[in-house]
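In order of appearance the chains are A, B, C and D, and numbering begins at 1 in each one.
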């Protein structure tokens, strides 16, 4: 793929890119369907029950059937909802989720865009989703969804800051924001070891970004019935679900790249003939399993505990991490 | 119960500082809502997320049990009491049988009394397990619900073998019980007690230590002993404020005075205290069960001598016993005939719910769910 | 008689379904009739207990047989069934009447006088039947039921004869009354026990008056017959409370008779109760219960503060684990309540139970207190009349009374002045009537 | 953090534990012998004493008797016997009071129907419902 980037833009080159983009879309959709399926299976196993097993062999077609149901279902809209915003909200939520994947180096060769400011691109785009969620909360003219929308606004914005701060450590160490270079810099040692503090803050902040337990306040079933997407049904609801899981795909790949050494084999095992993409997928699945595991165990935060935890808890740790990294680096290359 | 809501005034004020006009909002929680434990409606006046005022609306599940009871004879009323507190039907059966037996002075054979205590304590454990599962679901953790229901399923299976039903047992009769324990049943209960004793540790490991859970419940829904007594609260709601009062201990009925168990109390009176108390109560019930199974008389009949048609002497009685939710009482006014002249059930959930508006002032919505869950109401009992 | 066992063939099921559907129509038609004459207060003939029992004996699907009749099965079975059906119809009306209007079915006094009401019901039914399009035969069958209510099945045949005679005279309501009266007198003899003097109350007048008349008759009956059963009935009619000591000095003449009757009944009841729990005869007083000192102490404290006329009665209620019980006068109940809570010797700070009871001639509110300080129970009863029942609200003393008082108001209609928001709690706002009152007639008879 | 760790450890351990799901529609659910299911009625034992109709709290049993066909025997035999399963609460009081065990309970509980009419079970249906009848009553 990377050689395609160097070629001059001919018709063939552009069509190849379109094909590649469609392939990526299909891969992501395949991942989303089976991420939902496996999430239900894994959480089921953790709760001593077998997950979906009635549709298709071992229930493999369960999510396919769900998605078709959502497509066929009538797409209702509340009478005096804000029509334009109501239709716009799912688009605002879904589009950045998919756009973010363009910059991810899945392996040496597979990368769509090698941006110099990969990390910044990710952070900037991912905060557009907040707009989508707030418009959804406001437009569906329902008190529960309004509260859900407001909660998610507060949560996402206040967790964006520690998320970015925790990545600063990595950037300091590699000296560049280009994702590919960050992976290259982890040849001898993965960032997770030196940046353990940054890693923890990143993981927790990522949970909040994805609105997943223990931060699933915006769509807290037991309190707000379903939070911001309570009035959505049919395909628009599918869009919100898709956005959530594509973001998980995005965040999973980002964690693998930033902290777990992208497509690099774990230290000492690089003689095995296993291609980079397989390592990437393994680490990625490890992170996704961790997400399911947390969802099966953790209770939910309370709205008023959420924000102090971000500002008084995560942010100081991230800043300390940056400080330590800076001191260590400057000490290493003698400038201290 | 259809409410005219205009009597709740919504005020909105304009703050110069932010130049914003904020307005209060009336939010309808229920009657169909995931965490109201039944058809219970709470009209909540909120400003942003803080609750200014709340108005509980009940009566959606009112079936007029007391009116029906006036047309039925005493044996026919027992199936109706199953449906009042459907999570612990045995205690309801017992309270009406106990009331009639006190009036007529009927002696219960020992084996029947032991069977009654065993099934009541098992029902208390089942009811607390349902509370534990659904309370964690309200707080947001999904899997404890499944573990709780796996263990409760064992109790329901034992009840199914004993009296043929899983929820509405109709097991007790005036003067004794209908069925004797089938062969091998007592051993199965002993096994269950051992299994649950081990399982309780896992519950504590899974949830009680969890830091999010602790600071989610600490210090909310707090009240002191005086308010608890003033609002005639009972059961864990009362004991969480330090009042050591359990009818099984202080006004012993049936054979409870033969078992030694202690009454767990706490002092803070907040949701976490109530959580710990209910978990401790499960352990106490297991202790009682062990002793009851140990001293279970080998033979003996299960039905005392009872006249063919039960006609309590003219007069009235009021007895109260300890149900998982608090003090359940049964008042019977009889006119000497086989149908009660007036029957009234003192229902703990109904009285415990009165304090909710007072607790919710100034709380936010996620706390409202936690406080409502900690009161542990069953709507069948609130609206009986 | 059982056919060979075979799988229920489809048309078998269809027939059952059809039958069921007709059953529904028949039930609805019978219900309209019932609704038409529900207007008369104690419209329904709720025969005394044994009649009800016998009548209920064949609730035999009246509709089932109505259909049979509809299919004009002229066979002998139909004829015998007709008698049963008629009885069933009367019984079902009685049951419905009973369910909706427990007073008629319940009150023992009412029971003794059921036949008078039965006659009234017959008159009303006659009017309704005339109105209803039901076939004349159905009416005749009902008349037969009227007459044949107490005879056993075997007696059905002669009941038909009487029915036909009654049917002939049915044209006029009066005639029906006469026939029914004659039949009633006959039945009275058969009853033996409650020798029922031929009192008035022949037409369905206001319930209260009828109730009063009924009680008077019961009192007379009780006086006449010393049999325990009758006595117990009369006693119950008087007052459910076992105030062996206190007789409610009811001014009206009826009350004196009632008092006399109640004393007799109480004595009889106690004898029976005593007999029940193998205590010796009522003459030797049982050992004073352990709560007696508590009761005396409480009474002493209250009389010191409020004087002795405040306590109408105070006794130990053996039926309720010897709980000391007080009956406090309605007027100064609120001050006594405040005293019960504030006085540090009493300090009854826990209100366990609060509810109302409808005793036909009066309403009573029952309170059950508990004091955590000196571990002592106390039950208090406050009486109020029926027309405008009001009891002072204790909500400002025990806030636990709030919802309980609202529920008592909602279901029994007892007003609690001083309650901050006395609204219905269980029933919807626009509900008419208070269901737990004995004279409650559902406003809209639902299907 | 310790609380999180213990909780996560427990759920992880459950991954491999034995599952408790019961595949009900495919595998029939075994009911204990005393389970109170739908009644079975044997008309030959019934002596039309009406005890069951009288004890039923929801009054859902309707029965009619007819005099015995051959004249020398007295008493009555059952003609129609209906239970309205819309309001029957399966409380087992009828089987308790029946002197001749004419009505007993079976262990079947599947009674879902599409129309309410089918819930009016008549004598023949109750007679044919004779699979896994309950022995001890």
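Operating definition for what follows: a contact is a pair of C-beta atoms (placed from the backbone, for glycine too) under 8 Å apart; a residue touches a chain by one contact, two chains touch by 3 or more.
What you see is a predicted model, and the numbers here were worked out from it, not measured in a lab.
K.L.:
Which chain's C-alpha centroid is most distant from that of chain D?
P.N.:
A
K.L.:
Name the two chains that are joined by the greatest number of C-beta pairs in contact.
P.N.:
The chain pair with the largest number of C-beta contacts is B-C.
K.L.:
Go ahead and note the Å separation of the Cα centroids belonging to chain B and chain C.
P.N.:
Their C-alpha centroids are separated by 32 Å.
K.L.:
List the centre-to-centre spacing of chain A and chain C in whole Å, with centres computed as mean CA coordinates.
P.N.:
70
K.L.:
If you average the CA atoms of chain B and of chain D, how far apart do the two points sit, in angstrom?
P.N.:
28
K.L.:
Whole-Å distance, chain A centre to chain B centre, using C-alpha means?
P.N.:
Spacing between the chain centres: roughly 44 Å.
K.L.:
Going by the touch rule set out above, which residues of chain B reach two or more other chains?
P.N.:
As it turns out, chain B has residues touching two or more other chains at 143, 150, 206-207, 210, 213.
K.L.:
Going by the contact rule already set, what residues in chain D reach two or more other chains?
P.N.:
Answer for chain D, listing residues that touch two or more other chains: 4, 7, 10-11, 14, 20.
K.L.:
For chain C, write out the residues touching at least two other chains, lowest number first.
P.N.:
none
K.L.:
Can you check the complex and tell me which residues of chain D touch chain B?
P.N.:
1-4, 6-7, 9-11, 14, 20, 31-36, 55-57, 89-93, 96, 105
K.L.:
Could you list, by residue number, the parts of chain D that touch chain A in their complex?
P.N.:
Within the complex, chain D contacts chain A at residues 4, 7-8, 10-12, 14-15, 17-21.
K.L.:
In the complex of these two chains, what residues of chain A are touching chain D?
P.N.:
Against chain D, the touching part of chain A is residues 42, 45-50, 293-294, 296-298.
K.L.:
Tell me, which parts of chain B touch chain A in their complex?
P.N.:
Touch list, chain B to chain A: 25, 27, 33-35, 48-49, 136-143, 145-147, 150, 206-207, 210, 212-213, 215-216, 364-369.
K.L.:
Would you mind writing out the residues of chain A in touch with chain B in their complex?
P.N.:
43, 46-49, 143-144, 147, 150-151, 213-214, 216-217, 220-225, 295-305
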